[in-house]
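By written order: A, B, C and D. Residues from 1 in each chain.
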Amino acid sequence: MSTVRIRNAESRDEAAWRALWEGYCRFYEVDIGAAITDHTWRRILDAAAPVHAIVAENAQGRVIGMANYIIHENTWEALPVCYLEDLYVDPAVRAGGVGQQLIDWLVAQMPLQGWSRLYWLTKENNYRARGLYDKYTPRDPFVRYVVKAKK
Amino acid sequence: MSTVRIRNAESRDEAAWRALWEGYCRFYEVDIGAAITDHTWRRILDAAAPVHAIVAENAQGRVIGMANYIIHENTWEALPVCYLEDLYVDPAVRAGGVGQQLIDWLVAQMPLQGWSRLYWLTKENNYRARGLYDKYTPRDPFVRYVVKAKK
Amino acid sequence: MSTVRIRNAESRDEAAWRALWEGYCRFYEVDIGAAITDHTWRRILDAAAPVHAIVAENAQGRVIGMANYIIHENTWEALPVCYLEDLYVDPAVRAGGVGQQLIDWLVAQMPLQGWSRLYWLTKENNYRARGLYDKYTPRDPFVRYVVKAKK
Amino acid sequence: MSTVRIRNAESRDEAAWRALWEGYCRFYEVDIGAAITDHTWRRILDAAAPVHAIVAENAQGRVIGMANYIIHENTWEALPVCYLEDLYVDPAVRAGGVGQQLIDWLVAQMPLQGWSRLYWLTKENNYRARGLYDKYTPRDPFVRYVVKAKK
């Protein structure tokens, strides 16, 4: 495994976070406009918002991975849940364990932050990622339905 | 379709909501403790909380269905999303269109409330419910991973 | 459950079998040409062929359901397997247990005929049928890939 | 891609085929008894049987991969179908394109042999293999049910 340090994203990480976010959006073939990206980054930096990001920094101090997560309430637990919405690692350092260390950091935060569950979703055929995710738990037997607002 | 009225849950709906919630938990074979149920109901009544419930009232004024939903932020949209977490209809009035009217109400709220998406999850083999859900949209190709906090 | 008799298809069942086959093809939205239907029926009647059909006859002697199956070898077992390829019941008598009695007949044949396994496939969202199939066994964790010959 | 030659399995391939078959069974965590393995190998060598195998031979004449397939009839087509039941490549030469060349050989045989379809199944979470299979076609939307004979 690469020696990386996982820490909360800070203002100075903006350029690195944006570069990883762009790679992530290309991977999912989504076009998220600049206004939304700006908004998301502002929410991440806003200490009062439930939108957070962590970054993985290598031994040379370069940010090579990131994860965005949302804390939200739920009806099945009194404690909130942590939704790992986005996870991305620089393709140049793939398979080096960086993604796993980002998830491990979130798992370790669960008791510290008082989260009842950590969850994430991925495309059924995102095989590379699922090889990693299966190390934590089997996929659960739920399917998702999404209705988008009309523009 | 039954003639039902969909409206926000209110304090006076507590007994009916709890009876439907119990049936729902039995269906999913989960044992959600009294303390969490109390907490969830309090959050639903708290106008400042992002936890909400709607009920379906029949022509005789009896509550025969309910849905709980959570509003939370997300990184792909500037507007929040609506997570329909729980949906349940009294088995005695099943197949009468009550579930559909509860979902329809949420769909209609999307532009009014400024939600970018409405989503829900269900067990892959919850065939009766999926027959209804497929009328809105096909299931999406995502799978979910859930890590629970150690107790 | 309806009182039905399950028996091997015979020459006199041709009209009834064809009517059910047409309904089945409509359900799956496939257009199987007349030449192939003729071929399949000939194979069913040919005692030397591994293509077979059974029919469900009601108390009035009317054929209200049918199933086609193929016996083929496999590499994991010395005994052949039975592939239940098609199953269809007259929509007018649905939910009366006819489909189940057709499958039950095949299950009962397994030791008599020396089949090592009985299997079938269905569309993931064929919820009505899956409610029945789940009574026999959970779906297995396999996915299928099909490459069609170029015409 | 490795330079390999795909050809029909012959009597002299027995030891190599058995070694690959054992690795394959270990991968799927199945215990297929010696009697069945002997039976399957005999069927492969029997020119009159619908059980066939091909092998991948490298430039040094060593067999490094194999595939077993079954030809069987079906009711939706007049021509038989080819069921690729087993595919395995020596782990030492993985990711070298050998699996793809075995499948390509079968695809090329379709018009020559008069097969209407080529199909195979794999475990939903066999991610390495599915990365290859998705190059041919998306998985189809069918799920499988298997009832085993009581022993």
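Everything that follows uses one rule, which is that a residue touches a chain if its C-beta (ideal position, glycine included) is under 8 Å from a C-beta of that chain, and two chains touch if they have at least 3 such contacts.
Computed from a predicted structure; not experimentally measured.
Chains compared, chain C against chain D: the Cα-based superposition rotates one onto the other by 180 degrees, nearest 5. One finds 26 Å separating the Cα centroids of chain A and chain B. Chain centres here are Cα means. That of chain A falls 39 Å from that of chain D.
We define each chain's centre as the mean of its Cα atoms; on that basis chain B and chain D are separated by 47 Å. The multi-chain contact residues of chain C, meaning those touching 2 or more other chains, are 125, 130.
Chain contacts in this assembly form a single closed ring in which each chain touches exactly two others. The touching residues of chain D, when paired with chain A in their complex, are 125, 127-128, 130-131, 134.
Looking at the complex, you find that chain B touches chain A at residues 30, 32, 35-36, 39-40, 43, 49-51, 68, 70, 72-79, 83, 85-86, 107, 110-111, 115-125, 130, 133, 136-137, 139-150.
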